[in-house]
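For reference, chains read A, B and C in written order, and residue numbers begin at 1 within each chain.
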Amino acid sequence: MTIANVANDLNFQVIGQEMYSLIEELYPICRSITGEGFRQTLRRLQCLIPLTVHEVPSGTQVFDWTVPKEWNIRDAYVKNAVGDRVIDFRQSNLHVVNYSVPIRQRMSLAELKQHLFTLPDHPDWIPYRTSYYKETWGFCLSHRQYLELKDEEYEVCIDATLEPGHLTYGGYYVAGESSDEVLFSCHACHPSLCNDNLSGVALVIFLARHLAAGPHRYSYRFLFIPGTIGSLTWLSMNETCLSNIRHGLVVACVGDKGHPSYKKSRQGNAEIDRVFSHVLKHSDPDYEILDFSPYGYDERQYCSPGFNLPVGCFSRTPHGRFPEYHTSADDLTLVTPAALADSFSKCLAVVNVLEGNRTYVNQYPKGEPQLGRRGLYRLMGGVADSGLDEMAVLWVLNLSDGTHSVLDIAERSGCGFDSIRRAADALIECGLLK
Amino acid sequence: MTIANVANDLNFQVIGQEMYSLIEELYPICRSITGEGFRQTLRRLQCLIPLTVHEVPSGTQVFDWTVPKEWNIRDAYVKNAVGDRVIDFRQSNLHVVNYSVPIRQRMSLAELKQHLFTLPDHPDWIPYRTSYYKETWGFCLSHRQYLELKDEEYEVCIDATLEPGHLTYGGYYVAGESSDEVLFSCHACHPSLCNDNLSGVALVIFLARHLAAGPHRYSYRFLFIPGTIGSLTWLSMNETCLSNIRHGLVVACVGDKGHPSYKKSRQGNAEIDRVFSHVLKHSDPDYEILDFSPYGYDERQYCSPGFNLPVGCFSRTPHGRFPEYHTSADDLTLVTPAALADSFSKCLAVVNVLEGNRTYVNQYPKGEPQLGRRGLYRLMGGVADSGLDEMAVLWVLNLSDGTHSVLDIAERSGCGFDSIRRAADALIECGLLK
Amino acid sequence: MTIANVANDLNFQVIGQEMYSLIEELYPICRSITGEGFRQTLRRLQCLIPLTVHEVPSGTQVFDWTVPKEWNIRDAYVKNAVGDRVIDFRQSNLHVVNYSVPIRQRMSLAELKQHLFTLPDHPDWIPYRTSYYKETWGFCLSHRQYLELKDEEYEVCIDATLEPGHLTYGGYYVAGESSDEVLFSCHACHPSLCNDNLSGVALVIFLARHLAAGPHRYSYRFLFIPGTIGSLTWLSMNETCLSNIRHGLVVACVGDKGHPSYKKSRQGNAEIDRVFSHVLKHSDPDYEILDFSPYGYDERQYCSPGFNLPVGCFSRTPHGRFPEYHTSADDLTLVTPAALADSFSKCLAVVNVLEGNRTYVNQYPKGEPQLGRRGLYRLMGGVADSGLDEMAVLWVLNLSDGTHSVLDIAERSGCGFDSIRRAADALIECGLLK
């Protein structure tokens, strides 16, 4: 049973619901680039796939960077003069600037305000802020809350620790026929944000479960890492194996209602770039292909000049282009089971094309072989025929000279990959192709 | 006297009429891929050019194919209960499915209907059907006729033979200065169909007559063959000489009123592809350049991956894109002398470009040579000048560095080939170019 | 102090005025391709830059050409029957066909008319005509004047000499760090014409003055030559040094109010072609990039196939595309200080890009280096950021793999060259780039 066959049996509606349920479960956890939140998330994922959890000590050098101290938080609040929690970590973990150093202090409103962040343009939303590499503290709150703060003394408390510990990440490797690898990478370091972070985690988990089930040509690697420092750490610890990576995808923001988009790798014309473009072209009326730029998610690291891996990025609405990005509005209402299922099906289609994109050689290259007696061609001629499938057969025979892959043939003919692949399969079966 | 000069003396109107008359003569003959109809057609063509007729025995293996038995037909009809011929081969040879096995039998209407073919969308037209590689029989008729058939007993007769014999084709070779060859190929295997089949035959015959008359650089080969099996047979019998073929054209459907179209060879950027595009661009406001696809006429065989010859296909409306295609409506009213003459002139222009497309070297490449004292440049300067011819002269000098052919220069400059060639001739004459 | 810094201190308005004043001074001189007018022009320019004046004897062979006799003129007129000067060289030096042989003769109007040139479409303008290589004489006049000529006898006088002498041209070389050269060439052989001729002279003079003042990587060569024969002569006398020329520009018609245009070199994708296109794209809403053609100014010679130098041509409205071209209407009202200043600033921007277009290598190519601790990246993340400068920094790091120049990075990123260069400078400063 090939991957393509398995895919036909899938109930995408059910998978979309399951992905959404996983996101619901993970949503409340206060993740960061290190700490218990990240570990708790991986433990939940281990119920679904046999993820290996890696712990890298603080202080470890990774290229130009150093693995930071581990951050953990128990509670945080700002209390007003009468002792009410006017900002409360327990209501939303976005209220605390991620990686804030511990503090417990009384201060005036003026002093406090220097540590408050709001979004005046979206007065009901809490912004998401981090300060990984500068030791400071702060609170985020809605602009409406902010305006209600009275000029009085406040008690500020962040009950957090920032101490030597570990950076944690999860990896899962599914061996295929070949040691050539396809990499799927997602970041899992954001607290209560759904589209940016959890949608990618859910998609990669379900893809991993699916690919673990069936035989395949490529090996597949799935990474659940903190953004930037996580991919740097993984790259630094696996430098000698990177040459196995033939294709790769960073997956993020795949649960919103926008149309699918694909950002090309730095190489720009890598097979993964052509494959993803082909899949979108043949499955969606609306989609977007973006050129590589050195901003975005972990493709920045995979595509740095020292590695230049063929890794693109799959999103629906790209990061920073939806207003809810990095705010409390990136919540459970922003992502939908239908969008998640559609994103999953796109990745599966990409995997199917990668798996099937071989190069064959026509065994009867001089003139056309006689297809009629092999049942591959209508026997009674003379009528104009739309003949889509016959065209695919003729294209495969014409271009299978050892220099054109199935994808090459699909692109030049304008036929879909599946149509060309079915034609190739039929021709192999009757010995015309090898 | 060069080909170009000859062309100027031609009366294209007269040639169009002569081509049309030839089509009128050949129209009634019942041709097929083998048999007397094909031979009779070649005999008529031998009155016009000294065609060599080749006979290849049935059963001969040609690549993956076998030369089929020879088919001949004397008469065929369907008689109704009172003995009237309700379908009569003598009225149109399209009434019999081409290559029908002999039959003489009485049968009910229900039984007969399994062997009848009509075109409900065009109730007055008889379809053209063949069954070369599956032994069966059938009749084609207008849908109007079909609806009038009463539920009675019919006498069915096809007085044909399908027996070991030969496949017949005609070839004509005109030697030029060089053994490098230009191939013109047309199929002549269709019965009473004018645009698809006879228009190509007429054009290639008159081109052959014209090229036989004058000196030329290339050798020219003209093939009159049954479609598919004919080109395969010729390729199989001439495999060692194929490397002589520098350019080639399949000619078909060149008599209708549509604008000219050219379908590129599989190579896509062969000289013939560039030349035909250039000729159409500079001679027609409306024309179409089509990418290669592995469907169509004998370019399918010439462009199969084992040969990959630089052979394109010239048509006016391409096969299958005019409603009369493969029906009785592809008759003497569909083709016109004017369209035939225009198609002929296009091919002649293509031949002229091929003949003249040489690469020269500027003998004074450092700076411009002084054209004024050689009479190639206006001597009194200072006025803006549209100067088309002067521009051609300057372009030839500027690009004739040994890497640009006359066509290259025409394409980059935007000038027509003839203008560039005249400039080159003038420069050769005064020693500036070699 | 680099060229870029110097440029920021320039007052372009003042420079435009100075260029215009120089044009005013040079306007009345009767220049030709040889003779005192040309020498007088160079003497004036020597007050501004230390120009070397070269004298090449008549009869010297330059490639396919011969340096012509020297032409000088004192006076010329046509007097009517009562002795009035109806055409008077003293009123406009355009009245005499440039390079007219001496004549002093009485003749009828009919005879005279064979030597008169007018522009019926522009009845108030005097055309500009030359006859360098055919010994003849003539007068140019407005069509209005022409119509007023009565049928009487005229006295015709051209007090000129055409005798062995010299061809004169000026050159100025400013050495840079490298012997690699940038060539600026302008023709200075037209009499009272402002846009075509003097605008280019003025621009090249002020560019030379500017470049003489500061240190630079390239050496710069400035040529003030008679058109065609001048560039041929210079090329012929400097053939062994041409390989030093890395980039070049012919400058002409840079004072009119049209938008800037750049005509590419014959190579078509030389660095100068890309640089000028980039500068125009990033500084002007309206501009035009023209493909090379072998007509125009001295780029015809520099780009002849024997040299094929990377030399483009910078103009505002290209020659022959403004109605005043080669007429008395190309006078001091056609050019403006503002347009001259703008053209000057474009050339300076091109020089700055050429000077700064180096290729660097990222010293931390594996992943991104940590920019935050080097002050090159905002430290508190989490907010979408328009971040233009940060983008430039990231692009430089991502593409600086030794195969992309600063211009390559600017083009691929869509950022302006200056923005990329500033980013590169900052990265060099902190050791990330070499």
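Quick note on the criterion: a contact is a pair of C-beta atoms (placed from the backbone, for glycine too) under 8 Å apart; a residue touches a chain by one contact, two chains touch by 3 or more.
The structure displayed is predicted, hence computed values, not measured ones.
Rotating chain A by 120 degrees superposes its CA atoms on those of chain B, with the angle stated to the nearest 5. Under half of the residue numbers at the chain A-chain C interface are used by both copies of the sequence. With each centre defined as the average position of its C-alpha atoms, the distance from chain A to chain C rounds to 55 Å. Among the residues of chain A, none is found touching two or more other chains.
Contact residues of chain A toward chain B in the complex are 362, 364-370, 372-373, 379-384, 387, 390-391, 394-395, 397-401, 413. Touching chain B in their complex are the following residues of chain C: 62-65, 97-98, 127-134, 136, 228, 231-232, 235-236, 239, 266, 293-295, 300-301, 303-308, 319-320, 325-326.
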